[in-house]
Amino acid sequence: MSSPMHHAEHTRAVLAPPTISTRRTVLTLLAATIGAGALTVPRRASAADPIRLGAILPLTGPDASVGIQQQRGLRFGVSRLNAAGGIAGRPLEILYEDDEGRPDQAIISFNKLVSLEGVPLIFSAFSGPTLAMAPLATRKKIVLVNGGAQADRLAKASPYLFNTIPVAADEIAVLAKYLISNGKKTAGILYENDAGGSAGRNDFRAAFEQVGGTIIGQEPVTFGQTDYRPMLLKFASSKPDVLFVMLSDGLGPLADQIYQMKPSFLIVGTSFFNDPALLHSPGSNGWLHTQVKIKAPTAIAASFKSMFNVDMEFWGSQYSNATYIMAQAIARVIAQKEPITGENIRQAIFDIKTFNVMLPAVFATNTAAMEIDIARIQDAQQHVVQAIKLG
Amino acid sequence: MDFFLSYFILASIFVIVGLSTNLLVGVAGIFSVSQAAVFGVGAYTVGYLLSNDVMGFLPALVLAGALCLLLNVLVTLPSLRVSGDYFVVTSFGIQLLATAAFTNWDGITGGASGLAGIPPADLFGWSVDNSYKTLALTGVIMCIACLGFALIMRSPFGRLLLAIREDELAVAAAGRNVLRAKVEAAGLAGVFAGVAGGLYAVYLSFIDPSTFDLNASVLLLTMVVLGGARTLAGSIVGPFVVLALPQALAMIDLPTTVAASARQGIYGALLIAFMLFRPQGLMGRRL
Amino acid sequence: MTEAAPYLQVSGMSKTFGGLKALNDCSFAIDSGKIICLVGPNGAGKTTVFNAVTGFLRLDEGTMTFRGRSLNGSRPPQVVKVGIARTFQNLRLFEDLTALENVASAVPRQFGGEPFVALFRPLHTARGQARTRERAREILTDVGLAAHANTYVRQLSYGEQKLLCIARVLATGAELLLLDEPTSGLSGDALEKVIALLHRLRSEGRSQLVVEHNTRVVQQIADEVLFLHQGHLLAQGSVASIMADPHLAEIYFGGAL
Amino acid sequence: MLLLQLLINGLVTGCALGVIAISFSLAYSTTRIFHVAHAGVYTLAGYVAFALAGLGVPDMVALLAAMAVCALVGALIQSELYARLARRRATHLGVLIASLGVLAVIQNLLSGVFTPNIRPFASAWRGRTLSFGGVTLTQVQLVTLVVCAAVYPAALLFTRRTVLGKQIRAVASNPFLAEITRLEPQKTYIIVMAIASAMVAIPGVLVALDFGVQPYDGTTVLLTATIAVIAGGVGSLTGAFLMAVLISVLQNLSLLVISGEWSVGVTFLIFLIFMLFRPRGLFTRR
C-alpha cells in the first residue's frame, strides 16, 4: 500500500504512456538483440577451416562449479589436439553456450548451435538439460555427448546421445558386490537431492539389496549444502557398516566433518570421489570408491595442471577424454571423405567401437563401458584394491 | 531457423507467464516470488496427464488452468492477512516448498530427475509435432492471453485492481470488496500461469524441478521489471528481451572463465539500473 | 420521527490502543438531513469514531446502529452499502488514476467488475463502463471538476483534490457522508467552494458528519456540534451554545484564550 | 547422546543464524528496506577472510578486516543505492528488486573471481575437536558459539544504552519525527547499515571457516533468518535471535523424526503457523 502523500511531482512523466520515440527505440533494441545471434553466419567448410563443435554447460547458476570444471576439460582437450596438429590438419574449435543448468535455455542454445553455427556435435552436462535436448538430437541427427551425468535414463534417451562414462548403475553394481563379499551388510545412503543423486540412491538400494544387504536409512542434501553434521550424527547412531555417498560437490567439507567426527562406519561411493578437495582432506583416509578408469596418464595430468594451475580432477579428465574420443571419430569420418555430420560421427563411433585414446572405453551401446576399479583412498592417493577389466 | 522458432515459442510461452506475473505483481500489487511454482504445477499437470495417457491435450490444459487457479488463490491467501514484506517471505517459502514437493513427490513428478518424454500436444487428432505447428499453437494462445489481459485492464475490474495496488483502505472505503478482487486476480493469474506451464511441458517434452525454482521466479520478475509493469506492451517486450539477453551478452568478449559470472552479474546490474533510472521498464509503468 | 428508529446512534463506544483510551464510553445520536460537526482537541477520538462507524476498526465495547440496523462487525464495504461513506484526512486518492477514474472506482454495481464478465462479455462491459463513466462525469460536474476529468490526481491542486475526495464519496450513493477535515489546508476561493458544496449537498438531503477544526467554518456549516474530549462526548448542541461554554473553550484552546 | 549432540549442533548453527537475523532485523526495522543484498554481504565476508587467509593473515585478523570491508560495502549500498532510490521516490517493490540486483552482482563477482567451487580455508586449527562429556565440537564451532552468543547481548546493550543506539531506535520508531528533530534519518541509515553489515560479517567468516566459502548459498540462509525475524516479531532483537536458535535446533532435531527431504518444509511450517496465529511475532506486545 502506498501512501499518496509520498509521491513527488517528477514521477509525472513516468505516468505518461511511452512516447513514439521511446517505443521505436525499444523495438530497434529488441530487433538488434534478437538479430545479434544471427550475425555469425555459417560458412562453407574448407580444408583449413576449423571443425566447429558445440558445448552447452551450466557456466553460471548453482551448477556452475561443475560446469566450469567440465569446460576446463574440453578446453584442455582442444588445446592439446590443436597443438598436435588438429584433426586431419584442421583445427578443432568448441563454441560454448551457457544454459545455467536450465532445460529451456539448453533448448535455445541447442537450436542456436545447430541452426546458426551448423555444429554436428554438442557436448552436454547434467541429466536435466541433456534429457531435454535428447529428442531434438534424435530429430536433427546431432550427436550429443554427455561426459559426466550418470542417470540411468540417459542410456536410452536417444540413439544420438553418447555417454562417455558408464551410467552410475554399472559402477554401483560393482561396488555393492564388493561390499557384501567383504562382510559389509548394512548401509546408509547420503545423496544429493537432484537427478543424479536420487538415481544413485535408487541404484544403490536396488543393487545392495539384491546381493543381500540391508539399507537402514537414507538422507538427502541439497546441492551446495555443506553442513552434513546432523545427517552424519543420525547415521552414527544407527551404526551402518558403510555409508554410501552420492554427492557431486561439497565432498571436501564432508571429508572434513567425517575427520572431526570419526564415525564407526566406512564411507563408500563412486567416481565422484575423485575430487581433489576430498583427496586432500585427512578425513578421506580409508574411503572406498568405484572408479571408472579416469586417471589420466601422468604427463597429461601434469600438462593440465600447468595450463590451469589446478589438479586434473574427475570432470576435467572425463571431458578431455570425451574430446579425444570424438576427435578420433571425426578423424575417421574425414578419412573416409564423408561430410562431418552427426549421422556420420555416430556411425564412426560404433565402427571404431574400442577407443584407447586417453582412457580406454568401449561403445557396444551408446554408453561407454570402461574399466571399473575399486580404490581405497590413503593420504591423498588412490590405491586400487580390485580391478574389473573390460570385457 | 530453428533457433528463431525456439526463441519465439519460448518467448510466447513466457509472455503468458509474464502476463500472469504482471497481473499479480504489477497490477494488483501482490508481490509474489512464487509464480514459477504455479507455472510448474501447470507444467507437471499436463506432463503427467499426457505421459500417462489420462486425457487429451486440451482437457489437460483446461485442468491445469483450473488447478492453478485454485492453487494461486491458496498461495495468495496469506497476502490478504499479512502485508508487504511478510508476504514476500511467505512467498519465498511457498516457492521453496513447491520445489521440495516437485523434487520429492516421485510418483507424480518423477522426482529430481523430472518427467521426460512428454508427448507433443494433439488438437482434435492433429499432432503438434514440429516447431512451426508449436509456434502456431503457442502464438494463438499468447494472443488470446494478450487479448484477455487487455480486456481486463480496460474493464472496471482492471481499474479496481489498479486502485487496490495504490490504497486498499481507500478502495474499501469506496464500498468495493478488496478481498474478492484480489482473490479473483490471483485466480486469473493462476490460469495464465497454468496454461503457460502446460504449453511449456509439451514443447520441451521434458520438465524437472530446476526449471521452476526460486531463480525462475526471479527471472519472471526480471521480465516484468525490464518490460515494465501494467501494460500489455511491457508484458510482451519483457520476456522477449530477457530471453534474448544471454545471446546478446554472449557477444561481449570476455575470458571464458569469468564470462559466465560476468553475464549473471550484468543481469543484476540491469535490475539496479532499471530501478534507478527507468523504474517504468522499457514500455510500461512504474513498478 | 418519534416512532422511527434513530438515524445514526452510537452508545458506549470504547476502544483502547496499547493502554491509551482512544474512545471512552462515547455515546451520541444524530438526525438525518443535517450537517453535524465533530470538534475537540487533537487526540479527542474524532477519527477513531469515523473508523469505528465505517468498519475500519473493531470496538472493544459499544453498539452502533444506522436506521435501526446494527453496524457492529460490519466490514467497510458493507457499511457503504448500508449508506454511510467516508473521506480520509490524508485524502487517500488513487494518484496513478485520473480524476474520473477515481470517482468511477466508487460507483456501485458496475458491470465488468468481475474478471469473468470482463473477459467473456466485453461489449456489455464496455457499455456498462460507459454508463459508469457517465455517472462519474455527472458527479465531477456536480462538484465543479468537470474540466479536470482526465487529469491525473497528482496534477490537481490541493483544493481540487479535496473536492475530488467528496466527489468519490458521493459516487458511492451513500446518504450519510463522514467527512474528515474537508477544509483543512484550504483558504480563500478553494475554501468557499467546499463550504458551498457542503451546503448544497445538505439541501439535496445528504446528511454529513464532519470533523472540523476551523471554528469559523464550523459556524458557517454546522447545524449541530458534538464536542469530544479524551474519547468521551462532553457536549452536544447548537454552534452558539457550544461556543458560548467557557469550559469547552478552555479545553479546546488549552486555556490560551 | 545423539539428542544432546544434535541439540548442541543446532545451538551452534542457531547462534550464527541468530546474528544474521539480528543484523537483518536492525537494518530492516530502521530503514524499512527488505535488504536482500544482506545475503551478498554475508557471503562477501567469507571471501574477504578467505582471500586474506590465503595471503597468510591470521584468521582472526582476517575476520576483523572482513568486518571492516563489509561495513564499508553496507554503507555504500545505503548511501549510493537506497538513498538515491529514496530520493527518486522508488516504490517499496522497486527497492526490493534493486536489492535483488545487488545480491546478484555480489554473488557473481565472487564467483567470477574465486570460481563457483566450494573452497575450504587452509587453517589447520579448524579441524581440531574438543569433547565435553560425550559431546564433540570443533574449535571453529566453539568459537562460533561463543562469539555469536556474545554478539547478541552486545547488540542489545548497544541499542538500549548508547546514544547512537537510542538515536537509531528513535529514527526506527518514527523517521518523520526524527527528521523534524534533526536526527537526519538518512545519515542514521548509513550508520545502521554499516553496523549491520559488520555484524553479519562475523557469522559470514565463522561459517565459512567451518564449511568453506561458496558464492550462492547466502540466499537460503538469509531467507531462514528473515523467517526468524518475522516470527520473532519485527523490531525485537531478542525475538529474532531466539527464533533463529529455535528454528535451527528444530531443523536438527526434526531429523530424528522425519527425513531431511522436508527440512525446508519444517522451517516454513513454523513460519506459516506464526503467520496464522501470531502474525505480529512472538515477542511483540499487542
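Residue numbering begins at 1 within each chain, and the chains themselves are lettered A, B, C and D in the order written.
The definition used in the following text is that a contact is a pair of C-beta atoms (placed from the backbone, for glycine too) under 8 Å apart; a residue touches a chain by one contact, two chains touch by 3 or more.
Worth saying up front: this structure is predicted, and the values here are computed from it rather than measured.
Visitor: Most contacts: which chain pair?
Guide: By contact count, the leading interface is A-B.
Visitor: Can you figure out the chain closest to the middle, judged by Cα centres?
Guide: So the chain nearest the centre of the shown protein is B.
Visitor: From the mean C-alpha coordinate of chain C to that of chain D, what's the distance rounded to whole Å?
Guide: Centre separation, chain C to chain D: 47 Å.
Visitor: Can you give the whole-Å distance between the Cα centres of chain B and chain D?
Guide: 31
Visitor: Where the CA atoms of chain A average out and where those of chain C average out, how many Å apart are those spots?
Guide: 68
Visitor: Centroid of chain B to centroid of chain C, CA atoms only: how many Å?
Guide: One centre to the other, that is 42 Å.
Visitor: Return the residues of chain A touching two or more other chains; collapse runs of consecutive numbers into ranges.
Guide: 2-4, 7, 11, 15, 60-62, 64, 68, 193 - these are the residues of chain A that touch more than one other chain.
Visitor: Which residues of chain B are in contact with two or more other chains?
Guide: Those would be 29, 84, 103-104, 166-167, 169, 257, 260-261, 264, 279, 285-286.
Visitor: Of all the residues in chain C, which ones touch at least 2 other chains?
Guide: 92-96
Visitor: In the complex formed with chain C, which residues of chain B make contact?
Guide: On the chain B side, the touching residues are 148, 151-152, 154-160, 162-163, 166-167, 169-178, 184-185, 187-188, 285-286.
Visitor: Once bound in the complex, which stretches of chain B touch chain D?
Guide: These residues of chain B touch chain D: 25, 29, 31, 78, 81-82, 84-86, 88-90, 92-94, 96-97, 99-100, 103-104, 214, 218, 221, 225, 257-258, 260-262, 264-265, 267-272, 274-276, 279, 286-287.
Visitor: Please output the residues of chain B touching chain A within their complex, sorted ascending.
Guide: Touching chain A from chain B are residues 1-7, 10, 29, 83-84, 103-104, 106, 111-114, 116-117, 165-169, 200, 204-208, 210-211, 215-216, 231, 233, 237, 240-241, 243-248, 250-251, 256-257, 259-261, 263-264, 279-280, 282-283, 285-286.
Visitor: For a test of understanding, state which residues of chain D touch chain A in their complex under the given definition.
Guide: Touch residues, chain D against chain A: 1-2, 5-6, 9-10, 13, 89, 91-92, 108, 111, 115-120, 126-127, 129, 136, 138, 211-212, 214, 216-217, 251-252, 255-256, 259-261.
Visitor: Sort out for me which residues of chain D touch chain B in the complex.
Guide: Per the stated touch rule, the residues are 28, 34, 81, 84-85, 88, 90-98, 100-105, 107-109, 111-113, 115-116, 219-220, 223, 226-227, 230, 261-262, 264-265, 267-268, 271-272, 275-276, 279.
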